[in-house]
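Okay, so here's the structure we're looking at.
Lettered A, B, C, D, E and F in written order, each chain numbered from 1.
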Amino acid sequence: MTTMILWVIAYLIFAPLVGGILAGLDRIVSARMQGRVGPPILQPFYDVLKLMEKEALTVNKVQDFYVMCFLIFIIITGGFFFAGGDLLLVIFSLTLASVFLIVAAFSSNSPYAQIGAERELLQIMAYEPMVLMTAVGFYMFTGSFRVSDILTFGQMPLLYLIGIFFGYLFILTIKFRKSPFDLSMSHHAHQELVKGLTTEFSGKTLAMIEVAHWYENIFLLGFVFLFFVNGTPLGIALGVVVCLVAYFLEVLIDNSYARMKWQFTLKSSWVIAITAGFINLVVLRFMF
Amino acid sequence: MFVSKISKLVLRSLFKKPATKMYPVVPRVWEERTRGHIGIVEEDCILCGICMRKCPTNCITVDRNKRKWIIERMQCIQCGCCVEVCPKQCLTMEQAYTTPETFKVVDTHDIPAPPPKAAPVAPAAPAQEAPKAEAPTA
Amino acid sequence: MGKRTIIPFGPQHPVLPEPIHLDLVIEDETVVEAIPSIGFIHRGLEKLVEKKEYAEMVYVIERVCGICSFGHGWGYCAAVEGAMDIQVPRRAEYLRTIWHELSRIHSHLLWLGLLADGFGFESLFMHTWKIRETILDILEKTTGGRVIFSVCKVGGVRKDVDAETLKEIDEILAKIRAEIEELKEVFLEDDSIKNRLCGVGYLSKEDAIELCAVGPMARASGLRLDMRLNGDGAYGELDFEPVVTDEGDCYGRTKVRIFEVLQSIDLIHQAIAQIPEGELSVPVSGPATGEFMARIEQPRGEAYYYAKGNGTKFLERMRVRTPTNMNIPALVKTLQGCDLADVPMLVLTIDPCISCTER
Amino acid sequence: MKQNIINGKNFVTLASSELIEKLTDLKADGYRLGQICATKVSEGFEIIYSMDKDHSLLNLKLTIPEEEEIMSVTGVYWAAFIYENEMQDLFGVKIKHMALNYGGHFFKVSEPTPWNPKK
Amino acid sequence: MSYVTKSPWVIHYDGSSCNGCDIEVLACLTPMYDVERFGIINTGNPKHADVFLVTGAINEQNKGVVQQIYDQMPEPKVVVAVGICATSGGIFKECYNILGGTDTVIPVDVYVPGCAARPEAIIDGVVKGLSVLAEKKAAMGKKPVETAPAAEAAATETEMKEEA
Amino acid sequence: MGTIFFLIVFPLVVAVALLVLKTDAIRDMLVRVAAIVIGAASIYLAVQYYGTGGEMFDFHSETLNYLFMVIEALLAVVVIVLGIKYKKYLALVLAAIQTPILIWFELTIGHHVNVVNNIYIDRLSIVMVLIIGIIGSLICVYALPYMKDFQHHHHGEKDRRPWFFFLLFLFLSAMFGIVVSNNLVWLHFFWEITTLCSFFLIGFTKTKEAIDNSFRALIFNLMGGFGFVLAILVLGTYYNTLELSTMILYGTMGYSVVLPAALLAFAGITKAAQMPFSSWLLGAMVAPTPTSALLHSSTMVKAGVFLIIKLSPVLGWNMAGIMTMMVGGITFLFASFAAISQSNAKRVLAYSTVANLGLIVACAGIGTYAAVWAAVMLVIFHAITKSLLFLCVGTAEHNIGSRDIEDMDGLFGRMPRLATFMIVGISGMFLAPLGMLVSKWAAMTAFIDSGNILLVAIICFGSAATAFYWTKWLGKMTAIMARRENIQDHVHKEEWVVLGTLTGMTIIAIMAFPIISSGILVPYLVNVFAGVDAASLLSGNMFIMTAMLALVILLPILFFGKTNKKIVPIYLSGANVGDDLRFTDSFQQPKEVSLKNWYMEDYFGEVKMSRYGNIASAVVIIAVMAMMLGGVL
C-alpha cells in the first residue's frame, strides 16, 4: 500500500518533469536529424510557462472545463497505472479523458477544431482495439489485469507477447502524435488543419494540454516497460532502456515518414491489431 | 511495411554538425555585391535631385535649400537605381542592411556647401559626417 | 445539405504561404466542392507603367514575385526589347539563362520543400531547403540579392560574372547534384510519400489541354510544352529536351520538377562551358514604341509579357500573365472529390504563386 | 528568325462577331488558350486572345467600343473565366454568359475598374 | 523575467507581398538559420501566436484579415513588419489597390527593412520584438490593456455571441 | 401470486378501456393513473418477492389453456387475413403452419405432459418486471402529448389513438406474461401476442413503408415463433416436459437439451433482432417514437434476450451456445460498425440497440457466471438509457423538426435541458465509469475467460466503433453555437417529467450499480450457477469506479460554465464575418459555416455491414442447425 502511494506521488511529481525533458530531447534530436541546432532542452517548459503568462481567452464558457477534465483524467489514468491498478480501468479512463478533449474541441464549434476532433476520434477508433488487446495479452499471460500482479509475475511477458509488443509500438506512434499519424494535431503548423484539435485553445488551456501530454507519454511508456519486467533488477533496467529506445524510435519514425491520411491510419492499425495482436492472442490461448 | 528512404540521411545528420550558421552569435560575412543599404559620399553630392526623381519608391528627398539629402530607410528597396543614375557617382551600395527598428528610420545627410570657387582653400568647418537617425513623429 | 461541412480554407492558413481562399464543402473528408477566391494580393502593379518610365519599370516587374523574380524581369525586358527591336548581346543572353536556371533550381527546391511540409514531412522540408540555401548563396554572390536580383535591364544585364566565379558555380552545382539525387530517391521512392502522391489529383492529357494547364502541371500530364524551346536567351544553343511524364498526378508533377532541377544543373553546366565573351548590354534610349508578346518558361510554366509602347517614355500597357493563372482551372478540377488532406497537396502541385497571379 | 520573335509579333485583328467561331475553330485545330488581356485605348478596349499551338503563337486582337458587350469564351475554353473576370473587374469590359461570374469580386479593388475609372 | 521572450511563437501572414519576404521568413526556420534555437515556432494559428510577422503591403482585400489575425492573438503580442512592403508599401505604394504599410491597420512594433528582408534582418527584428514583448508583458499586470479600436470591435462581437 | 395476475390483467383492462373511451381528457387521466398503478404494482411485486428470491407457483387452469388456444387460433386467422389483404404470403404461410401444429400438439401429446409450475418468479423476473412496469409505463405517459402532436401533425386523418394506446397496454400485459411464465406454451402465447402488437404498432401509420416493415417484423418473429413451436414439440415429445425450469434443470444435470435450447435461442435471436433478423427492428422506426422506445428498451427485444438469458445455464461450449454467442458477437460487431454511418438519430439508436443486444446475447451464450452477470447488467442499463435517448430524440424531433443528428446543431443553446439529458444518456452508453461500460468490461473479462478469442477480438473492435459513433454525437450535443434562440419552452410538461425521471434513473442506476450487483444479481446468479464463486469480478475496482463517478458528477457542478476569461470569436482563417457563424466566401458574401460529423460511408455503410453481418450469422445458424439435425437424425 505505501509503495503504491509512493509510486503515485512519484508519478504525479516526476511524470511532467520527465515528460517535459523527453519532449525537449525529442525536439533537439529532431532538429539534429534535420541538420539544425534546435532549441534548448528546457524549451518545452519555457513554452508551457509562456502559455501560462498569456492573456486568458476562450471562445465559450465551457471549453476550459472540458480541457481541465482532460488533464485531470489523464493524471488519474496514469495514477491508476502507477498504483498498480487494473489495465482495463487504465484504458477506459484514458478513453474518458480523450473524450473530454474531443468534446472540448467540439464545443468550440470551430471548423478546424471540429475536424481535428473528428480525426482524433478516428485515431481512437484506430488504436483502441490494439490497446485493448495489449491488456488482454497481459491478462492471458499473467492471469491478471492488474499492473501490480504483472510486475510480480516473474516471467518476462515480452517473450510471449512479441506480436502484441510490436502492435503496441505501432499504436504508440499514433498516441505520441508522431508522423505518419499526427492527423489531429501536431506541433508544427503547416498542415491542412491549422492546429487541428487545439485550434481554439490558447494560453493556460493549451498549457494544460501540453502538460497532459507529458503525463500521458510517461504512462504510455509504462506500458512498454511492462513488457520487460521479470521481477529482477535486470528486467527493470532493460525496461527503462527499451522505453528510451522506443521513444527514440518514435522520433526517428516521426522524421522518416510523410503524414498519412486517415484511411491509411485506420486500415493499417486495424490490420496490425489483427495480424500482430489477434494472432498473438490465439497463440496464447493454446499455450495457457 | 513502408520503406523509408530518408532514414539514412536523417540518421547521418543526427551525428553530423548541424548546418546552422549560428547568426547572430557568429556574424554574417557579406558578399561583395550584397545590396544592403545606400550610402552617400556627402562631399560629392551636388544636390542635383536625379536620384530623387529616378528612385522607384520615392524614398530620397533632396532639399536644395537646406542642403539636405534625406533617405527613408524603411522605404528603400535597394534596387540600386539611384546609384546607377547619380551623375557624380556619390551614392554607393553598402553591404550591411539597415537594422530593424521600432520606428521608421529616416537618415538625413547634410551636404556640405561646395567650396566657393574663389576660395580654393576649404574653411575648417568639418561637416557632420555621421548619419543621424531621427525618430518618426507619429 | 445533410452531412456537408462548409468551411473556409484560407486566406490565412498555415499550409499556404500565400493567401488564397477556398470555400470548401466536404463530406467526411472528401471535398465535394471547392470554389477558389483570389485577389488578396492584388496590387495593381501593371498600372504603374503610367508612373514609371519603361527603364525603371523593370524594378517593379521584378517584384511581381520574389520567387521567379528573375524570369519576370527577363520577360519584361524581352517584351520591351521585342517591341523596340533591340538585339541583346550574347553574353547577356547566356548570363540571363544561367540566372534563370538558378532561379528554377531554387524555386523547384522551394516547392519540393513546401510539398514535403504539406504532407507533414518536416525533416524532408528541412533538408530540401538546406540545399536551396547553396543556390541562394550563388545568387547573392553574383547578383547581390537572395530574392530580388536587379541584374536584368532593358538591353542586357547589369552585372557580369567572371570566369572564376563561373567555375566555382560549376563545382558547387556538381556537388549539390549528388545531394539532390539523394533527395530524388526520397521523393520518388519513399513509400509513404508515394502513398500521398500517387493517384492524387489526376489530370488527364485531354483535361490538361482542355483546361489550358501549363508548366510542370502540363508536362506531368504528358504535354510537351516548354517555352524554352522557343529559343529565348541561350536556350536555342543548349541541348535539352523538356521533362515530360504521363502520370498526370501529384507524383508525376513531383517527378517533373525534381528531374528539372537536375536538368537545370545540366543546362548551367552547358551554358558555363559555352558562354561567349562580350558586351553586357546595349544602350537603350528614346521612347518606347511597338508591341510585343513575349513568353518565358518560368519554373511554374509559361508566362506572357505583353508590352505596348505609345511613343513616350511610358508604356501604354504592360501585361503579365503568369503560369498560376492558367493552372487554377486545373486545380479547381482536381479538387473535386479529393480528400481534405490532399487539398494542400493539390494546391501545392500547381505551385501556386498568387503574387504574380494577382499582380 | 527565332521562334520567340515570330511569336511575339504575330498579331491578327478580329471582329467581335467572329470571336466565338474563330476560337471554336482554333480549338478544334488543337490550339490552347494562352491568355486574354484588355488594354484601354481611345476607341474603347483592345482585347488580345493569345492562342498557342506547338509553341507557335497567334494573338487575335479585338477592338470594341467601351459599351459593347462581348460574348464570353468560357463556353469554348472554360479556363477563360479567370481572364474574363479580371477584365470585368479591372476594366469594366462587359461580357455575356460567363461560366463562373464572380460579379466584380474576383479582385476586390477599392475603386471599381481602376484601369478605366468612371469619374 | 518573463517567459514570453523564451518561447516566442510566430504567425506569419502574407499581406500583398511579392513572396520574396515570405520565403525569407520561411528560410529562417530552415537549418541555415534555425530560429527554433530561440524557441521560435511557426504556428499557423493566431490564438497560439505571440509575434505577428506581416509581409507585404495592405490592400483593400486583406486589411480585414490582418486586423482579424491581430485581434485574435492573445496579449502580450508584437507585430513585426517584415520587408519594405510591410513597413511602408514599398514599391507598390503608388498602386491603386495598395493602402500602405502594415501600420495602416494595426500598430507595428518593429520594422524590418529590406527588399527582400534578409533572414538575418528578420532574426534581428524578432529579437528586437522580444524586448517589446517583455515590456508589454510587464505592463500587462499593471494597467488594463489599452482598448485599441481593434479590441473594441472584438468586444462588440463578444456581446453579440453571448448565448441565452 | 395475486400481484402477478394483477400485473397481467390490469394493463389488459386498461387497454380495453382505452379502446372504448375516446376523449382526450379521459385518456390522459386513465393512462397517467394506470402508469402509476402499474409502476407501483411492479415495485410492490419486487418488494414482495425480493426476500424469497424465487418461487414457483403450482397453478393450473385448463380453461386458461383452452382460452389461450382459441385466442392463438384467432390471431392466426388475423394474420392470414392480413396476409391475403396485403399480399404477404410468407407471413400467411408461417402462421398457417405453426398454429395448427401447436394446437394439434397441445391437444395430443401436450395434453399428457404434466405441467406443475406454470408460473414462477425469480430475481431476474423481478428485474424485468421493474423494467417493464416502470420504464414501459413512463413511455406510455410520454406517448400522451407526443401522440397529440402526432395527431396534430397528421390532422385530417382518423384519430386512431385509442387503438395505439390499446396496443401499448396490451403489450405491457403480454410482457409481464412472458417474464413470469414457466410453461413454455404459455410463454409462447404471450410471445406471439407481443409479436402481433409490435406488428400493429409498426404498421400504425399505414404508409406503404410502415406496412412493409411491419410485415417484415411479423415474418421474422413468426419464424422465431416457429422455432419456439418446434422447441415445444421436441421438449414435449422427447423430454416429456413443457416447463422451462425443468428443461434447464435437465441441462444442468448433464442431459443434453441442446436441440430445444438451440431452437428456443433461435426464437430469442429473432425477437432480439440479431443478425440476420435485425432489419425488422430498424424498420420499426417508421412507427411513432414512443413505439420505438418501447420496442427497443423495455419490451419486445428484451423478451428475446430474457429468454436467452434464462437459457444461459444450458448454453456455453455446446452447439446451442456457440451459435448464440457467435450470432451475438457478429451482430455486436457489425451493428456497431453500421451505426457509424448513420446520421438519423433513431437509426443510430436502433443499431446501438442491436449491437448491445448482440453483446447480451453473446454473454448469455457463453453462459458463465461472469458472462451472465454482464448480460443482466447490460439489460438493466440499456433499458433505462435507451428509453431516455429515444424519448429525447422524439422531443428534439418535434421541436426542431428533424431526427437527424446533424440538424441538432447548437442544441445545447437551443434546448439546454434536453441536451443535458441526452448528454447523460449518451455518456451512459459508453463512457467509464458509467453503467454500460462497466458491463462491457465484465463482458470482456468473461469472454477472455471463456477462451473464445474471436469474441475478444470482436469486442475490442466493436467497442472502438462504439466510442466513435457515440462521441461524435456527444460532440454535436456539446457544441456551443453563437446566438441560438432558446426554444425549449415549447416542450410539454409530461415529456419533461418522463425525461427527467429517466435521466434520474440513469444516474441512480449508475450510482447504485454495486448495490444492484450485490443485491440482485449475485444472489440470482449464485442460485442459477450453484457452486460458483460468488465474489464479484470487479470488487477491487468498485471503489475506484465510484470515486471516479463522484468526480465526474462533482466536477461539472463545481466548474461547468464558469469562466472569467474573455470570450473571443472563433478562428475562421481570417475570414470571420463577426458573428462566429459565417465567413466571407469567394464571392465576398457572408456564408454560413456548417460542421458535420464523419460517416465513412465507404467503410461502414449500413448496406455493406448488414450484408456481411447477415451472411456471417446466417452461416453460423445454418451450420449449427444442420450439424445438430445431422446428429439427431
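Rule of thumb we're sticking to: contacts are C-beta pairs under 8 Å (C-beta built on N, C-alpha and C of every residue); 3 or more make two chains touch, one makes a residue touch a chain.
All of these numbers come straight from a predicted model, not from anything done at the bench.
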Chains in contact with subunit A and also with subunit F, listed by label, are C, E
Steps needed, at minimum, to go from subunit A to subunit D via contacts: 2
Centroid comparison with subunit A (C-alpha atoms), farthest chain: D
By mean C-alpha position, what chain is farthest away from subunit E? F
Which chain, with its centre taken as the mean C-alpha position, is closest to the global C-alpha centre? A
I want to compare two interfaces, D-E and C-F. Which one has more contacting C-beta pairs? C-F
How far is the middle of subunit E from the middle of subunit F, if each middle is the mean of its Cα atoms, in Å? 59
What whole-number Å value describes the gap between the mean CA coordinates of subunit C and subunit E? 28
Distance between the centres, which are taken as Cα means, of subunit B and subunit A, whole angstrom: 53
Whole-Å separation of chain centres (CA-atom averages), subunit C against subunit D: 23
Identify all positions of subunit B at which a residue touches two or more other chains, and write them in rising order. 2, 4, 6, 10, 13, 18-20, 56, 77-79
Sequence positions of subunit D contacting 2 or more other chains: 102, 105, 107-109, 114
Find every residue in subunit F that makes contact with two or more other chains and list them. 480-482, 566-569, 571-575, 580, 584, 586-588, 593, 595, 597-598
Chain pairs in touch? A-B, A-C, A-E, A-F, B-C, B-E, C-D, C-E, C-F, D-E, D-F, E-F
Under the touch definition given earlier, write down the residues of subunit E that touch subunit B in their complex. 31-34, 37, 80, 84, 87-91, 93, 101, 109-115, 117-121, 123-125, 127-128, 132
Interface with subunit F, subunit E side, in the complex: residues 13, 45-47, 64-66, 68-69, 71-72, 153-154, 157-158, 160-164
Would you pull the subunit C residues touching subunit F in the complex into a rising list? 1-13, 19, 21-23, 27-29, 35-37
Please give the residue numbers of subunit C that touch subunit A in the complex, ascending. 5, 7-8, 13-15, 29, 116-124, 126-127, 130, 190, 192-193, 195-196, 339-344
In the complex with subunit E, residue positions of subunit D that touch it: 107-111, 114
